[in-house]
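The chains carry the letters A, B and C, assigned in the order they are written, with residues numbered from 1 in each.
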Amino acid sequence: MFTQQLVNGITEGSLFALIAISFSLVWGLLKLVNFAMGEIYMFGAYAGWIVVSYITPNLFLALLAGFAVGWGLGWIVEKVAFKALRGVPHIASLVCTIGFSFLFKEIAAAIFGAQTKAMPSFYSSTALVVAGANVSWLQIFMVALAAAMMLLLQLLFYGTKIGLGVRAVALDYRTAGLMGIKVDRVTSIAFSLSGALAAFVGVLAAIYYNAINPYMGFVPGIKGFTAAVFGGITSIPGAILGGYLLGIIENMSVQFVSSGYKDFVSYLLLIVFLLFRPNGILGKKAKL
Amino acid sequence: MQNRMIALLSAVLVLVGGASLWAAGGTDNTIHIALTAPLTGDYAEYGVNFQRSVQMGIDEINAQGGVLGKKYVLSVGDSRGDPKESVSLAQKWTSDPSIVAEIGDFTSSCCLASQPIYDAAGMVQLSPTASATTFTPGSVWSFSIVGTQAYEQPFMADLAFNKLKIKRMAILFINNDWGMDTQKFFKENFEKIGGKIVAVESFFQGEKDFNAVLTKLKESKPDALYMATMYNDGALISLQRQKMGWDIPVLGPSSLYSTELTKLGGSSVNGLYTNVSFFAKDTDPRVQAYVTGFQKRFGATPNFHAALAYDAIYILTEAIRRAGSTDKQAIRDALAGIKGFQGLTGTITFTPNRDAIKGYKAVQVVNGDFKLLK
Amino acid sequence: MALLEVDGLVVHYGKINALKGVSIRLEQGDLVTLIGANGAGKTTLLNTLSGVVKATRGTVRFGGEDVVNKRPEEVVARGISHVPEGRKIFSELSVEENLQVGAYTIKDKARVRELVERSFELFPRLAERRKQEGGTLSGGEQQMLAIARGLMSDPKILFLDEPSLGIAPLMVDKIFDFIVQINKMGKTILLVEQNANLALQVARYGYILETGKITHEAPCSELRTDDAIRRAYLGVS
């Protein structure tokens, strides 16, 4: 059963890690938290659901649709909560993203109805049995896709000009501006990317859990934020580490402590790290 | 001088009296009642069904001339399934002198939280669905018509142990007032008649990943799984259980009875056992009139909870009719005295604790459809 | 025609009038210094010229074109490069990446590679540390990197804001040697300094800025011998 929980934990951890990267990206650039991240994830799930239920049962198209919708929503949140509110205290932007979180939920409830909708399964057959643990094709697919996504991001940040621009703006946006980097544009792109990533995860999660509703984003939003704080919100490797560790710890705590403590363990970690090690496991030294 | 004083006093009295009459909704020939329900949030579907059923009942009653010759006016408040919101709505309703009674809320947690407000103000709090055993004994103003877990769970325990011959049961419940109660009464009754509970696990509202907890429950090698959950969580749990390749009989309380369960759960909920007090395919003409009326107006099939809300407005109307006035105390006393009320969800008789004893029928999901168990 | 011609520049920070009508000119290939006390408005002037701060009034003509209140990336693309006060190295980027950021407005990748190699020829110390994080360099090395980064956009004019600030004295001389060398390569330089002694020695022409206004301007050889300036800025009583 240990192996099975490890498999469960790694799968769930992949989702947490990707959401944590979204939080890290925004934190790195603006030193702010986008509390509407969970709702962008939710809209991604709906976009994927529309594709597979009404257009074509193609998983990749669904993921692409989620990515695109998340990109657009990230762009809107950045323009309203951050760009338009530049120069006013940070708390205004934070409150504004909380507002977006409620707004998105209610818009989704108004459009799609508040009831849970079914999402079809993909690749749900068992691929292999390792030490008594069932591993489904979907789990393999999710972990591989998350890894591919992280690799792509790594290439983007360390192998492209825009990636260099994002890192420079994250470190010192004033000087980056002096160097001729269009700070607003780079920020907008990175913010949109963070939304796209969250929404992409939303599609994956909808397929994994086979259900979507307007309120599905709250828990993963908090968990993704926890994972980011846990691993070190200033760093993408930290966010990845935090995501996987959180997934594994949660599943193990169900097995060895009690299922009632699953969320408790996460929130305890969040509080402990915020209080005693706000830079996370990888700490300040790590870079974006 | 004295005459003028008396005239002045009379004028004041008339004004004050008139104002209080107006405030009580007496002069405009209407009866104001309030509905508290989770119209948004996790329980929105139940709340929306509450609103639909109550509005449908009110429209029917008003079309037939109302009650005591007065028409109903409904105020609706959205509690979002949040006890804090339910409390602030209770404060709003009880501070409005025109409102004479309240229907709601949906969850036991919300009802329990707002109970002290209705108790202090002296207003009927009639919940269609609150089934926590601690709710109605808490205040003489609290009523519930769903039938508490204290009555439903012995039925389910008997079904599992005696009819289905299940000896070892694992329980998965949602960690809230309702879920705690449900699992507790099931466990007590199942063990009393000789069954063995091999594992009990829980989850919090909003959880979507049940892989870990199912893996752990599977380890206890039960004969069957008892899901003390709402239908949407129940469907999710079933889907993830099916994907894990864990094939096992599943049972659960009447909260699982919904067409949404089969729609969401697909083949994973086939074979699931639950019970109903209200069955949409019932041949009773009153049930059919309600179901077709509901379908025509809202394009959806009403479930058990929707039917309970419909019964709630009718039983409240019956109480107002018997009371012969809109006095809050008179309505409460009349409601408490109701016996043998023929509702869509069965015959309702209030116990001294103001909850209801219902009759239960076992059902099973067969090919995506609920069938009465013989 | 002058390369850079600033005329009657006025800048406000809210209600504070930081520049009150500043006019300066730099010819092609010139090395001009701007001297002033802390808070006189030197950095404000540079920030306005590079588009970070908006001017209320006045004109800035660069190569005959009006560039006042253009955005920083447009200003950089036209050939103005600003090496900020305090070096402002991207501490967690490598030396090479810092240089690449300096060439952000150049689209041709081969050209960027060429410019990186030219920087390493000019500053061999940086070549040895090309993979090292900027934050691990010494103050003097960081200043070299900052100047090298400023040259990466291949500018026509280079603004240097307090290049001697917080640098070990030995290193300061070295950096000023580089400044002269870069000027000889044909780059026009506007040097802002508190260390007036040093600035007046290397520059050809100087402006004195006091509380937002130019109070003196003359060839450096004259300023060095002006009694009032000697007392105020060169520490001679």
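The rule is simple: contacts are C-beta pairs under 8 Å (C-beta built on N, C-alpha and C of every residue); 3 or more make two chains touch, one makes a residue touch a chain.
Because the structure is predicted, anything quoted here is derived from the model rather than measured.
J.: Report the most central chain, judged by the distance from each chain's C-alpha mean to the global C-alpha mean.
T.: That would be chain A.
J.: Any idea whether A-C or A-B has more C-beta pairs in contact?
T.: Here the pair linked by more C-beta pairs in contact is A-B.
J.: What is the chain whose Cα centroid lies farthest from the Cα centroid of chain A?
T.: Here the answer is chain C, farthest from chain A.
J.: Quick one: report the Å distance separating chain B from chain C, using the average Cα coordinate of each chain.
T.: 75
J.: If you average the CA atoms of chain A and of chain C, how far apart do the two points sit, in angstrom?
T.: 43
J.: With chain centres taken as the means of their Cα atoms, state the distance from chain A to chain B in Å.
T.: 37
J.: Of all residues in chain C, which touch chain A in the complex?
T.: 50, 52, 71-73, 75-77, 82, 84, 88, 90-93, 97, 100-102, 104-105, 149, 153
J.: If we count contacts the way the header does, which residues on chain A are in touch with chain B in the complex?
T.: So the residues of chain A in touch with chain B come to 1, 4-5, 8-9, 11-12, 105-106, 109, 113-118, 121, 124, 126, 134, 136, 138, 205, 208-211, 213, 215-216, 218-220, 250-251, 254-255, 258-260, 262-263.
J.: Quick check on the complex: what are the chain A residues that touch chain C?
T.: By the definition above, chain A touches chain C via 161, 164-165, 167-168, 171-172, 174-182, 287-288.
J.: Any idea which chain B residues touch chain A in the complex?
T.: Residues 40-42, 44-45, 48, 175, 201-204, 206-209, 211-213, 215-216, 219, 232, 235-236, 239-240, 243-245, 260, 263-266 of chain B touch chain A in their complex.
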